[in-house]
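Read the structure below first, then the notes.
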């Protein structure tokens, strides 16, 4: 698993976390670090880009769910971008909606 | 299930929640209300007295676990008093330590 | 020999949990679980029935079905509802620290089995007598 | 016919999860699960093996055992560790929103069975082909 925390100077508060590869128990802590970094910089719109993610487990999904709650609680936005049908389907089963392209 | 929220004028911050009867899905919301009331009044030592509690389910245990975390997070104290062997044993299995008398 | 029913249809309402617990407790006593095991069996049964009532769907008649049996020397408790097993988003729940019921069941009986099918969800709990465990 | 092993002993280390997933995925392909079912089976298997590694105890040799089989037309995945099943206090976990693995498994396969015994924990997952489900 690898990730990039991206930011646009034009839109303060907008952060994209791009996750690649297989996101399992080994990867969840780094995903959590990336999420934490975005919060520390004052994220108000968090986009998690899973287009290149081939696997995601319950611990990583838990990190996403917690980030979503935190953002919703503070009136922010949270989006998961995903196009891999298998990953989209599992996320749907466990209650994480996804969109097809970076909003 | 019934509960009493007790307080001692001599010890500000000390609250005891005395729970009687069977604490199941029907009772968990009132337990949660009692806990919330104690927090709103500035509890720093919370005692949950289960001596007269004959049954406790996972939702009520969840309320206790959340209260424990919240108090520990703020440097407070949390104690569960219980003498009913069956309830003590189940609480032990699920990770809630109990003491035999009100501290 | 205690006379306890082997099947029960309960209205899918939390007020019926007390009946489900009496049912489980009676079966556990008749089966001969000792005091703490009996209580743990009833605890797990209460969790399974709570889930069927809270997260499952009742039958067209508004009921869920519970049933006990002895199988291979173990006491079996089954609860059946007509819904679709699905994880629920934590945020929708006003109570903190939810979502431990399944783990608590697995910790208090010898076996927990969750079966999803097109017709609903069946949760099956098994407990053996302490000596044979 | 794909050649996949039916049993595997893995060092109880998270770095072995990728091997467990390949093992589950190969079994699912050979059994003939279609694409989304196959992925869901591997997802559930990964959860079960993660739990054995993270919460269970390895064998004296430091391993956990996994095994697949076909039973009554369903694909079965079993993982066995030598620990005692026990709920863990949420607070000890540095990651938020944990404790959903069991519910996620139950939502992605047809049957999840958790068995505790003196010798350890066995988690068993069953999945049928979409047509037969």
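Labels for the chains are A, B, C and D, by order of writing; each one numbers its residues from 1.
Assume a contact is a pair of C-beta atoms (placed from the backbone, for glycine too) under 8 Å apart; a residue touches a chain by one contact, two chains touch by 3 or more.
What you see is a predicted model, and the numbers here were worked out from it, not measured in a lab.
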Worksheet entry | Intersection of contact partners for chain C and chain D | A, B
Worksheet item: Higher C-beta contact count, A-D or B-D?
Response: A-D
Fill in: Distance from the mean Cα position of chain D to that of chain A, given in whole angstrom
25
Response to the item:
Expressed in whole Å, how far the mean CA point of chain A lies from that of chain C is 36
Worksheet item: chain D: which residues touch two or more other chains?
Response: 86-87, 90, 97, 100, 104, 107
Worksheet item: Counting only residues that touch at least 2 other chains, which ones in chain A make the list?
Response: 65, 69, 93-94
Practice prompt. Have a look at which chains touch which and call the overall pattern line, ring, star, complete or other.
Written response: other
Worksheet item: Which pairs of chains touch each other?
Response: A-C, A-D, B-C, B-D, C-D
Discussion item. Looking at the complex, which residues from chain B come into contact with chain C?
Written reply: 22, 24-26, 28-29, 32, 55, 57-59, 61-63, 65-66, 69, 85-87, 89-90, 93-94
Item to complete: Give every residue of chain C touching chain D within the complex, in rising order.
Response: 85-87, 90, 97, 99-100, 102-104, 106-107, 109-118, 133
Worksheet item: In their complex, what parts of chain C are in touch with chain A?
Response: 86-91
Worksheet item: Hey, which residues of chain B end up touching chain D in the complex?
Response: 65, 68-69, 72, 93-95
Worksheet, complete the sentence: In the complex, chain D touches chain A at residues 14-15, 17-18, 21, 35-36, 39-40, 42-43, 46-47, 50, 53-54, 94-98, 100-101, 104, 107-108
